[in-house]
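Order of writing sets the labels: A, B, C and D. Residues in every chain begin at 1.
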């Protein structure tokens, strides 16, 4: 969770072999780096290795750019996929929302109370209804109504907003439109969706209706990265809530809201704290 | 849960209308019946009513047969589907098992400690491996190996065993064979299966493999009545357990065992305590 | 949960004996009343009976005052403690808050979205910090700073506000002052507190610090009615969240917030929907 | 969880400083050691560091004794508390039990199915009732009845059995006698107890009775190391189960059994897989 101290976070993955941890940590130690947190994972099925290291920025006496330069040779040798981020450069989270506002309300509380660290450069909706609430929080609100005719144009506007606001992450906080394949391809592993079912159950529209019809005894929510295939992207986080025969469809929808809020906020925190590595269609989450 | 006092349990469902609860409870009160527990549910979507009443047997001063006779007229008037059972006539539970023995082991503990009340007249397996353990508990063990050739014959033998042992319920405690449609039709809402996934996710074979491939963050188990359509029957109970990227397939299978045991034993308890009413493809569970 | 139809809710408790359910439901049926939901509980240890009945207002063709008059004789005969409420007379919930605002934020979302039905006539704080947010929701905000010297006077002001705003319930949404014994006595079973521990563990101040010191593996929250004895009142609802050695005290506090919000909102919903009956120092919650 | 490959597990703790991870992992890499799993934790409050490393035995080409010799100098330099274990030397778990047998039954299933790896050299009870079941599993059963008069003598016998059977761990699987302070001192962090409450709530005798009286909405269980002070030792694992007003004391006891079984078996697994480091009165659990 949020730490007041300035931290660099290094994440990497590479083919597994002897000596990765020792090489990486020795590299850091030789620069005087104090490691505050380290996590590793080796996937036995395809022999791939994953690592996340948090370093006290003050102990390193260099900025991330200089670290990047020095680290690059070794990274190349190990064929690493890697990045290093600086906690002072807070992630910029653009939130998309439709009429259902519970997830937005919840995220804005966490943003305002700095429960974990992120910026919200703007919020985009296809409706006007949340403008006043969002603007009360001091955040710009863009309304891009979507129709069959204007879709292509509005999505182009959206991409402009993402770029103009330097979005690091895009959160679909119950945004009820399916993004275009182009947008999905432009922002791989950078668009986070909350789906209101325990995937892979109840893919697509009206999952609570589907759950009610099937008579399940628990409902769930799934936070996942968006890919071109609907509700099929890498799963970040899931949770459930108990229901029973006395729950009407409306009760299920209300009970589900609390699960959705918690799952989405956990998933977003993992992302902005660089705790997630994507491997194929799965995630490694160092929580 | 298990009560030492002798109880009659009346369950009924009928088209909803004014006065059902008052008519039923007045009928019981006029016979001097002391109601220890009562539950009702009205389904608003199709206006059907469900009720379960527990009556102290001693207060009624008649056996269930006499109650049945007296109650029949009123039940007909309200078009009730109904039954009354006597806690002294413990349900007879025939358990079917294959090589995976964790659910059997768990059920036998609950049977032996009388955690809730049921008889186990016999256990049927397609393997010999649990014979000694079952017989240590004083329960007859029948081994009916299943092959493509002998299937029809063995299923006929199985039905004979069900009848000979007067089975009230049949539990598939990780029995890895699909029962024939005939057996499913012979025992409607009397065959309970534990499926090792959170249905409707991962229907069919090897659900943990499917869950591992999809990268879900929770695994589950589902206890349901068996119908002719595989894994599609009315759901009785479900639960989940958290997993993460560090879990191998073997870890998932092990973690899943604990969920399966708990879900199956809860589902069986609901059934033997007459807490379940089936309506269409859903269950009302008065727990 | 919230139902669009107008409902009367009758709750009662009395010494247990044969015929209570039948008498009450016959009384209602004779008036043409359609029961949409009914729950009963008999306490075997001291032979006391509890009941909650929801009646479709339209089916009764009388208002609650007339029902009260007609019901009174029977109620007296059975020595009932009872009340009947009308869903159109929404409960008036006065919320007290200090600097920690997560529970307030959460309750205001549920209020604004009418997740369940209640009014918020005003909010009282000993700090100014939430004024603008509360007023954005259109709710009057009263700041009553508390010091050792002015305590008695401010509590008298508070009581005036409760009376002036016709408070049905008072919610301590992380209000960090201990109310006076006089206030506790004035509003028995009407003041709801959220305590940030799994009571009876960690009574009193700084429960997360206590939990951190003890090294527990789960933290919790407890919603309870306030009595004169600190943190000893009847428990309405509890829940927990998993923590581990990697959680700092700050992490625990953040993780705890989500539990507190959920537990308090569930407890308040039970109260405003007349689902809670208090018996000695325990609650019966018909959820 | 159980791995088929032979592993060495190194656990260590020492004052925190720069370079520990790099020194330890370089040491291992220089010996050709393949690290399959590594976990670290730094305690910021008192600047202490904790680490667990699993090494593929085959990659090291030496036994643990030789590793111990080579590692000792570096360990001394860093003031490490450390140990290395070999997965082929399975932990020897002596189980103590009284009349309540659900935890024993559960542990024996996990032992028999090798869900995780441990030996059970013998089981000790103060009653005869589980002899036949234990002996069916091929495990010696010692009955040491305890009375006020013979206590000292029987505890001496017990210690003899621990030594004779080379116990690595002693599990109190609902053993209802308080061990002598001498035994507690002889086996520090080697005696694991399951307490049937969510500690620190309901210390001492009859915790379910205490929970029932207090009207809690969840019951719990706590697995902890035994110290001389009753129920005050370092907590290893906890969990809870929901209860409500309809639960009798007997229901609570039955629902609690499932929590106790799961919590104890998880705690024991953590111990036998060397996942627990004790620090003051807290545990670091690398699960």
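Please note the rule applied: a residue touches a chain if its C-beta (ideal position, glycine included) is under 8 Å from a C-beta of that chain, and two chains touch if they have at least 3 such contacts.
Computed from a predicted structure; not experimentally measured.
Shared contacts of chain B and chain C, meaning chains that touch the two of them, come down to A, D.
Of all chains, the one whose Cα centroid sits at the greatest distance from that of chain D is C. Of the two chain pairs examined here, B-D and A-D, the one linked by more C-beta pairs in contact is A-D.
Separating the CA-averaged centres of chain A and chain D is a span of 37 Å.
The centroid of the Cα atoms in chain A and the matching centroid in chain B are 41 Å apart.
Residue positions of chain B with contacts to 2 or more other chains are 37, 246, 248. Arrangement of the chains shown, judged by which pairs touch: all-to-all, with no pair of chains left without contact.
Chain D contributes residues 18-19, 21-23, 25-26, 28-29, 32-40, 42, 59 to its touches with chain A in the complex.
Contact residues on chain B toward chain A in their complex (touch as defined above): 41, 44, 198-202, 214-218, 220, 234-240, 244-246, 248, 281-285, 287.
The touching residues of chain B, when paired with chain D in their complex, are 1-2, 37, 101-102, 105-106, 109, 113, 115, 132-133, 136, 246, 248, 250-251, 254, 257-258, 262.
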